[in-house]
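Got a structure for you, written out below as structure tokens; questions coming shortly.
Note that the chains take the letters A, B, C and D in the order they are written out, and that residue 1 is the start of every chain.
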Amino acid sequence: MARIVFHDQLLPATNGEREIEVTVENYRDLLVVLEARWPGIGERLAKSAVAIDGQIYQDAFLEPIAANSEVFFMSRIEGG
Amino acid sequence: MAEAVDYKYIGTSPVRPDGVDKVTGRAQFAADQNMPNTLYGKILRSPHAHANIKSVDVSKALAMEGVYAAVSGADFPGGARGKVGGEGGGDIGDVARNIMARDKALYHGHAVAAVAATSLTIADAALAMIDVEYETLAPVLDVVAAMAADSPLLDATNFTKNLPETPDKPSNIASVTVLTRGNVDEGFEQADVTVEGEYHIPMAHQGYIEPHACTATVNEEGKATVWCSTQGHFEFRSMTSKILDWKVGDLKFIPAEIGGGFGGKTTVYLEPVAVLLSKLAGRPVKMMMSREEVFRATGPTSGSVCRVKVGAKKDGTITAAKAWLAYEAGAFAGAPIGPGAMAIFAPYVLENFHVEAHDVLVNKPKVAAYRAPGAPQSMHAMEIALDDIAREIGMDPLDLRLKNAASEGTRAPYGPKFPAIGFKECLEAAKAHPNYTAPVPEGAGRGVAAGFWFNIGMQSSAEVRINEDGTVIIMEGNPDIGGSRASMCLMAAETLGVDYERVKAYIGDTESTGFCNVTGGSRTTFATGMAVVQACEDIIAQCKARAAATWGVDEDQVEWEDGQAIPAPGVNADVTPMSLADVMASAHKTGGPLLGRASLNASGAGASFSVNFVDLMVDKETGKVDVLAFTAIQDAGTAIHPAYVEGQMQGGAAQGLGWALNEEYIYDADGVMENAGFLDYRVPVASDLPMIDCQIIEVPNPRHPYGVRGVGETPIVAPLAAAANAVRAATGVRINDLPLSPPNILAAIDSD
Amino acid sequence: MGEFAYVAPATVADTVAVLEEHASAGKRAQVLAGGTDLLVQLRGSDNEPRTIVDIKQLDETNRLDIGADEIFIGAAIASAVLYENEELKALLPGLLESSDLIGSTQIQGRCTIGGNLCNSSPAADTTPAIIVDSGVCVIATNSGTRELPAEDFCTGVGTNVLAPGEFLLGLKFPRPGAGTSDAYLRFIPRTEMDIAVVGVAVNVTLDDTGTCTAARVAIGAVAPTPLMVPAAADALIGTQVDDDALAAAGVRCTEASSPISDKRGTAEYRRKVVAVLCRRAGAIARDRAMGVS
Amino acid sequence: MSKVHVQTTINGEAVEYLCEPQQSFLDVLREDLLKQGTKEGCATGDCGACSVLLDGRLVCACLMLGVEAEGRTLTTIEGIASDDGLHPIQQKFLEHAALQCGICTPGFIVATKALLDKNPNPDETTIRYWLAGNLCRCTGYDKIVRAVQAAAEELAQEA
């Protein structure tokens, strides 16, 4: 199962759960699973960046998530 | 780690395609746009740092001869709140209120009204005729005081976001970010030495030499064309459309050549105002900020207070680190606390840490991005703490960093594991560098620090067109601030196998090329470069198909080599290889013109690390600092155009040194910036700096076809602490605050 | 509120007439020499209409005379022009250095020491040097000219003794004899382009034994006007201008200063640094007077 | 407002214009004469982007009134290249990547021209102090100084 980790700002939305494990095909499916579990979290996740297996995505969507994947939600990064 | 590859064009430093126009004065920057019948637009700005706006009356200005339009906040749509697209992620309602105040003026210089008139003189006179009734309020200027429960509030509807419990009272703290791992208390117990400090850095400006400017013209059909100085014309179009509630398709944005940005030209200030004035006046409107307006009313970067505690064992192993950060957002939420918190410990292997960062409203201009936004402030604190630890345990500061350096597989403080990165390579290069092995000049001090930036990808589009003679045109949508056209041409030349001189790159407007996010986040050469490479690959695929059709073979029997379609090995075809020119010569028979294209949302931007060291001499009687030598070492992934990579490193070093030594926003008690000009906002001049030695490290980014990481932002991060550490070495006195200006240094020496 | 106008009178008398006419009519007129302060003012807060009276067409303001006893520098001569005059540089090195420190190469191409004096900023670089070199202001009036020691010229921040209808024609200096020389040092945070945080000029005359027989010390940016510090000069006179004497003179400078804290430096900082610069400038002036380069 | 008639010479060409008495020469150049190679960075003489030559001497166009051009001879960036092509200074700025955004470049090239006209063989310190009135925020000056040195060498060889 993929390991999903939430940053501190998301903890209010996850009832304090920092980390869960799920089996999904891709990021889109992950959002569906999370929204079902914690209605309303999708809006917050849309403001986050996400790192899937070390790669940072500002706007992930169909990126695959494998059984051994690590998914970290993180603050979005801007730049100069 | 990708293998080092021998390239033919990549890694060379040819003259840039837009160069001749820039050395002759032909290049058209935003203020160089001229249309017949143009009016000049000017903005009236708040003389108060914090005030309720009771009323704005523009009628007397409007009645003046030569004045064709006048607007204030009431003339703009209410504006739905919502996220600004793309980078940054601020609130569009805030952007709307920032470019034209509504019920409140939130900083000295905040726009409150605007006019369009036939001359600059008349426009100035008209501004003086606008009546604004203010009710002044106490300004909130100090970031820590602003966080206090009893502070006056900028926004009574602001409730701190991201707290475990929703607060019941409003505050000036817009949001809080926390990053944690392990157990810091246990970590500190394992430490043999701990150092602790509070570090203050004042607000600083990007200081691009070109003031913001634009010309807007709205025709009778209600369609607007806007020429402007922007790092991202698509995002400017989007913001303008949301602020004015216009259809995106009714706005055409044409990016002029841009005279510097460094993050400061990623958001609108003038453009929606110019469009509205032009619509009302029925004539083109040109707006140009004065330098004073640039300082007072555009987005500098956050001033900050950082408290850091770091513990380490005698062998140098860092056991715990803790940071508390407070960044000034300015008048609206959005200080770069996320990146600041994520960057502070990023170069190091760290099991126990805790970072808490605060985005704080103060009555100063709303901050904008500035080169690695958020990282210089927090990393200044950490890199000073490490210097102090190195001294306490008697270890070379580079060895201390090597002992703890992150490398491939290290879990970054923000969660994921690093892919291939070049931090250790930078540190090793620094240790071996002749400037480091050379003794420190008599009386001087040497300071070392590391830098880091994430780099980003995001959306890019590119088209590649082949002319009848086989020459190549690249059309993409990222304004070229520092020579990116040359990099695009080099990557295209390499991919297509044609001479660099036969490739030209152009920046299209919002109607002539596909969407591109801003030139920022060090993404252009990475992400748009990737799109250009893919568009070239599209061309190659088409050429192979055309050659196959011409030769009567299958497509997979054709290969592309050295700029030509050739039969694949083993294919028995008695044919002449086809170059781009050859394909074009028969293109009318084989399917028409050649047009390659690519669009993507790039991921896989590679983190970039740096190590800087600087030798400084301090006049102990006056506190004056002389920079004797500066060495910048940075992992660029692959340097596509090494001279411009060096240019980024040198320019970032100069900006970082300027911020470290003399640059600062100085406010009086009323919240008026006292040094809103280049005379007293002291950016480095040529005689302040030595040559800046560069060493480019190349640990290719496996996620880019040519290994590019992005180089533009990391260079500004390390100079702040490097300078502070050098002053410490030269004087024996630790100064936690910036700038290291002569009065500050002398006061520290004398009180030591 | 009137309108902007520009005039460039051909004679001193015409210039005085234009200035007086405006003064008596209650209309604003302002003299233009190099323009490096005036144009900044127009661009900034002081953009009220006025008549700009250009004095660069006058023979007198362009006159540079290096006589046997006296040197005259016209008020319209650009700093860069002065600095290219090797004879003048040898005679008044401190003054020329002070004028070469104003702004950038570009600004030195326009700015004048007369304008610097008339702008009457407490931080004016050339004024302390003019003072220690015993400069005398030659002022055009409706009755000819009047003369005034430079140390009496500035009366406050941005104010001076010029009456309505008067303007500065130029500056007179006694030609320094053997054993006399000057130096000016200022402190700025950068290497160039800043306004002085502190400025100190020193002029010394040494006899054959190296004993100081005459001295003048003036300080800038530490009081509402550039200031002569006779006590500092006294600390040098009769000495070999050695480290002790210089240190004593520095202390006198600190005592004489009444600086403010502003964006360019704190009062405390200025009080300390004025002493440092006095010592350093005094040593340079001494070495020059002794013919040591 | 009554405008003033001015006759002057810009880049070898006789030019006439009307300007307001208080208008800067930079404003005249850019907004009226549309010679926009000369840039505005500050309009207060602090950045050097508007460097021009007035009777051969380096000045900021923003610190000069339009009326003061009467009877004078001015050279702007548009007058640096010749019919034969780029001036060696321009060529060296290109070859040395001595520009990034390019907004300060015209000012630097004009200032360099003035320097090398006066001092054909300046050392690094001389170059840096001469150019201290020209701000560049992109390059850190390193490549600009090298370009000036290379241009000086090139011009010495040509001479």
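Things worth noting here:
One rule holds in what follows: a residue touches a chain if its C-beta (ideal position, glycine included) is under 8 Å from a C-beta of that chain, and two chains touch if they have at least 3 such contacts.
Just so you know, these numbers come straight off a predicted model, no measurement behind them.
Central chain by Cα centroid: B, whose mean Cα position is closest to the mean of all protein Cα atoms. One simple way to say how far apart two chains are is to compare their mean CA positions; for chain A and chain C this gives 68 Å. Note: centroid distance chain C to chain D, computed from Cα atoms, is 29 Å.
Note: centroid distance chain A to chain D, computed from Cα atoms, is 55 Å. Residue numbers of chain A whose C-beta contacts span two or more other chains: none are found.
Among the residues of chain B, those touching two or more other chains are numbered 206, 261-262, 290, 678-679, 684-685, 687-688. The residues of chain D that reach two or more other chains are 1, 20, 43-44, 46, 129, 131-134, listed in rising order.
Here, these are the chain pairs in contact: A-B, B-C, B-D, C-D.
Residues 13, 15-16, 18-20, 22-29, 31-32, 34, 120-121, 206-211, 257-262, 288, 290-291, 481-483, 641, 643-644, 646-648, 650-655, 677-679, 683-689, 691-692 of chain B are the ones touching chain D in the complex.
Residues of chain C touching chain B in their complex: 43-44, 47, 187, 189-195, 197, 262-266, 268-269, 272-273, 276. Within the complex formed with chain B, the chain D residues making contact are 1, 20, 27, 30-31, 34-44, 46-47, 49, 76-78, 80-81, 86, 90, 93-97, 99-106, 109, 124-125, 127-129, 131-146. Looking at the complex, you find that chain A touches chain B at residues 5, 7-9, 11-12, 47, 51-60, 63, 70, 72-80. The touching residues of chain B, counted against chain C in their complex, run 124, 290, 292, 621-624, 661-662, 666, 674-675, 678-680, 682, 684-685, 687-688, 741-743, 746-747, 750.
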